[in-house]
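Heads up, the next two complexes both have subunit A, just with different partners, subunit B and then subunit C.
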Partner chain A sequence: MRSDSLTSALLALSSGTVLVGAAVALWRRTARGIVRAMQLQGVALAATALVLGLQLHIALLLVTASLMVAVKVVVIPLLLQRLVALDPSNAESDPVVNVPASLVAVVVLTLVAFYATRPLVRAVSGVPVTLAPFGLATVLIGFFILVARRKVVSQMVGLLLIDNGIALVALLLTTGVPLLVELGGTLDVLLVVVVLRVLATRLHAELGVLDLDALKELHD
Partner chain B sequence: MTTGQLTPWVIGADLGQVVLFLIGAPLLVGLMRSIRCRMEGRIGPPVTQPWKDLRKLVAKQRTQPVQSTIFFASAPVVLVASTIVAVWLTPLLSTQVSLVGGSDLFAVVFLLLLGSVSMSLAALDTATAFGGMGSSRLMTIVALAEPALLVAILALAAPLHSSSLSSIVVASLHHPVWLATPQRLLSFGAFVIVILAESGRLPVDNPATHLELTMIHEALILEYSGPDLALVNLGENLRLTFMLALLSNLFFPWGIATGTGGWSLPIALVSLIGKVAVLGALVSVGEVGVAKLRLFRVPELMAGAFMLSILAVLSALVIA
Partner chain C sequence: MVALVILMAPLLAALAAPAMGWRRAMPWIGVVADGSVLVAGLIVALHDVNHVAPIGAAGYLRIDALSAFMVMVIGAVSLLASWGSVRYLRHEVDSVACTPRQAVQYSVLIQLFVATMLLAVTAANIGVLWVAVEATTITTTFLVGHRRTRGALEASWKYLVICSVGIALAFLGTVILYLAAQHAGGTSNQALDWTWLSAHARTFNPSVVRLAIGLLVLGYGAKVGLVPMHSWLPDAHSQAPAPVSALMSGVLLSVALYALLRFKAIAVLSVGEAFPRALFMTLALLSVALAALLLITQRDMKRALAYSSTEHMGLMALAVAAGGPLAITGVLLHMLGHGLAKGVLFLSAGEIVIADGTSDFTEAAGLLTRRPGLGGSFGLGLAALLGFPPFSLFVSEITMIRGELAAHLAWAVVLSLVALAVAFAALATHGRRLLLSSTPGELVGQRTPAAAMAPLVVGLALCAFVGVSTWPLGPVLRAAAKLVVS
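Our next item is the complex of A and B:
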């Protein structure tokens, strides 16, 4: 019972950190800081899988956790940091929605996630399911970043936040999907990041900036 | 827990913590200054320097701007008095407090706000350009910081269905695993940002400069002199010490006296002094490596604190 309450607390801590990582990504202005927030979120997500695997004795989740560390903590942040290095002055100097308003939006989106998952939390018992609002809130914040931030790196981080949020919800609700699906999903994300990185490098080569607002008109 | 009988022991503990704070607050500020000086490679003034400054100021003449009213004259007294009442109400040495109904997070936060508002009114009352500027800046920060403080403590109070500070302290004393829950960590983060903003420390305000473009707190007290300035400084020191003590008792309540045993009070005294000194030292060590934030970025920081505190409350509701 004692160790059970401890693992529940750890689970709450790590899944809460996933949400905080999303909020920090919206809070920071520098591209480097935003990528680092996403990296923190990857660590928290892997920790959630690890704790859940140890608590329920599912060896598969340990594989999932190490896969997440490899892709979401090491490879993707490395790719993004190299993209940031292309244009070091690439900060969110003039976001579409300013930072204080964005943070208020985080609060509202978290409230929405909290109320939207209420029937689910009521219907299913168990500590992991009660934490599902954190995952949904992360997904919503990811969408918000896609809308409110115009830099390429922020856009990619927003996409990855959505993926992380979905992964967290999947972990908490179903204690992990089959390994093949997990592998497919994670590698898919990696592929998307690689393709987007190539596109971003092209954008930088053509226009000299990493800003989506530069894409206003069509070219031949 | 809090039964509310006014035994001499309970009143003695409350009186003891007020006396301790009155004596200790300037010493804490002196300690923080000398730590910062040492870290920057300077020798710095002795720890007792704030006390010597206070003694010097008390002996000087009091001046008051022409046409200033009761607001200017009363603000230093209101600042010190409201902070002393907040210290009296809060369970800092013992979880048993003499005014059980008053040991409430809303009461304490509003007492702190009373001090800020009175200082801001006094600055407006002087009718100087700096006074109005400082007052407007202070209100901008306080309007964002006080809700964050309130909501951050609310995150600790929500699972207990009680806003009494002594029950929050008792609850965190009995649940060590609580220290690692998201709501406590988030609320701790919000609390730290609010303390730095409220007490005018870096990165929100630099207590060491009088640069008119950036100053907030110094702009408010430009017109004060002599005993009034001594009171204002004492009040600001008291506020900083009180907020650090509140932080330490809400999040690390170890050592606080729960019974009326013979040794519990000295132990509580030593642990409170130790915890507040360590927190103060950490703040000044942190200040060495931080630059002041641009004034227009301060609302971002405060909105961040507010967001952290709301997330803390939401996760308290999710997990409870």
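Our next item is the complex of A and C:
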């Protein structure tokens, strides 16, 4: 009984940290700091998979956890850090929505996430499901970053936050999707990051900046 | 066996292109591959439409009447697109607009793109479907950015980010549907399988399914080009090479709509008709209305064609909302007709860019006098798109409307017809300016090369043939519609 409440607490801690990672990504201004926040989130996500796997004795979740460490903690942050190195002075100096207002948005989005997941929490019982709002809040914060931040690295992190949030929801709700889907999803995130990096490198070669505001040719 | 050809042909073509290296005959590999997809799709669709055939032993792929029909649509439009690519690539390499290596890269990516779409429509499993649709985004990003201009870069970034967000939502929707299926007793493979899902959907928890279908419609809706996630579409279509736009507009959007057709059928079994209908109807009417309004001010023909795609996808989504056998038959027929007509129009626009160096309606004015062949094919394509007989869009639009009236959606029909009239007027005005207005200077008609005209004529002929004859597609259309009508 005691170990059960301990693992539940650990689960709450790790999935809560995923949300904290998203908030930190929105709070930091330097590209390097934003990538670090995302890396922290990757660790928390892998920890969630690990705890859940140990608690429920699902070996597949240990595979998922190591896959998450490899891709979300090591490879993707490395790819992003190398992009940041192209333009080290790159920072969100003048974001579309400023930092204090953004942090208020985090609170609002988290409340929305709790409200929106009520039907799920009611329909499915168990501790993990009650933590699903953390995942949805992370997704919503990712959306917010995509809209409110125009630097290339921030946009990429926003996309990754959405992906991490969804991974967390999937983990907590279904305790792991079949391996084929898991692998497909992971490979897909990796490919999207690689392709975006190629585009970002082209942008940097062409205009010398990593800022999407430099591209404003297409409009009606 | 025949079904295996469907997936292997474009993959083999993608492998053969780099092995062969750039030479003037190389792009024909793609034409042969996509032609065989069309033939294989026809064989499957005409041979045996009433049972589900697994492809391979793993249980991840299968083909039923609806899949076979979609394979045919993909085969037909990709045949046109790769045929148009032959001239496009030769022109690009000759004018040093792209290197031979980039031309090979283009050929590989376009065949991989076709292969991923075929994978999506033959997937037996909603996980595989999701992976395939996502793979279409990744393969097309570089195709959109093929021209390497700033505009192309901006368009590919926007395309990849918006569609990735969409597909992420679709993933969440897939997971939540999987959860509903798991709780209804499905094992991990059953809970993702189309056949199992449709057989057991009645026992799924409705409040969970409602959340799932909402996310799936928003997510795959981004790929369909439905408002509010449509904004990638005009940029990507105007910046991509014309054959790629033909393929994206002609079939990629329909492939995403195909996924929604199947998901809606499952959702209806669990939550009833009202909720999914309201969802589809809202997005459909918004799309038709916004696209019609934005069509008025377009100057660039490729952007205008892109907005027209959002409009047509909206029309189809409205018929999906209605959902009866008549409406769904109309949707399927419209996918084919719209794909062919849009394919012809984008390829013609590509030829106009090659000949006149512009895709602006006004700058290319007097087209019918200056280049009767090209002007004629653009004009006929436009007539097809606007719903004139004998082209099949005339039949399919009427069928969809009859289906909507049968579902008591008269007010929605009226609203969509108002938007349709606005779009009609806008496109007809643009078309008249492009085709009929006189230009100062050269008024001698120039012949368009037969090689350029061939795919355009074939596309228009197919579109007209499907419009006047229910043979040979009648049975497969009916069988396909029955699969997604509850």
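Convention: the second predicted complex is superposed on the first by the 217 of 220 C-alpha atoms of A that agree within 3 Å, B and C clash if a C-alpha of one lies under 4 Å from a C-alpha of the other, contacts with A are read in each partner's own complex, and residues count from 1 in each chain.
Definition applied: a contact is a pair of C-beta atoms (placed from the backbone, for glycine too) under 8 Å apart; a residue touches a chain by one contact, two chains touch by 3 or more.
Everything numeric in this text was worked out from a predicted model, so none of it was measured.
Superposition note: with subunit A as the common reference, subunit B and subunit C can be accommodated side by side. In the superposition on chain A, contact of A:Val51 is made with neither subunit B nor subunit C.
Look at A:Thr110: by the touch rule set out above, it reaches subunit B but stays clear of subunit C.
With both structures placed on the common chain, the touch criterion links A:Met68 to neither subunit B nor subunit C.
Within the superposed three-chain model, A:Leu159 lies in touch with subunit C and out of touch with subunit B [touch as defined at top]. Using C-alpha centres, the superposed arrangement gives subunit A a vertex angle toward subunit B and subunit C of 150 degrees, stated as a multiple of 10. Residue contacts after overlaying the shared chain place A:Ala12 against subunit B, while subunit C stays out of touching range. Contacts of A:Leu140 after superposition on the shared chain: neither subunit B nor subunit C is touched.
When the two complexes are overlaid on their common chain A, residue A:Gly185 makes contact with subunit C while staying clear of subunit B. With both complexes placed on chain A, subunit A has more residues touched by C than by the other of subunit B and subunit C. Taking the two complexes aligned on chain A, the least Cα distance separating subunit B from subunit C is 19 Å. Counting contacts as defined above, no subunit A residue meets subunit B in one complex and subunit C in the other.
Taken in their complex, subunit A has these residues touching subunit C: 119-120, 122-124, 139, 143, 146, 155, 159, 162-163, 166, 169-170, 173-174, 177-178, 180-181, 184-185, 188, 191-192, 195-196, 199, 202-203, 206-207, 212, 215-218, 220.
Remark: subunit B residues 177, 180-183, 185-186, 299-300, 302-304, 306-308, 310-311, 314-315, 317-319 touch subunit A in the complex. Subunit C makes touch with subunit A in their complex at residues 60, 127-128, 130-131, 134-135, 137-138, 141-142, 145, 148, 150-151, 153-158, 160-161, 164-165, 168, 171-172, 174-176, 178-179, 182-183, 188-189, 192, 205, 207-208, 210-211, 234-235, 238-239, 294, 297-298, 303.
The residues of subunit A lying in touch with subunit B in their complex are 5-6, 9-10, 12-13, 15-17, 19-20, 23, 27, 99-100, 103-104, 106-107, 110-111, 114, 130-131, 133-134.
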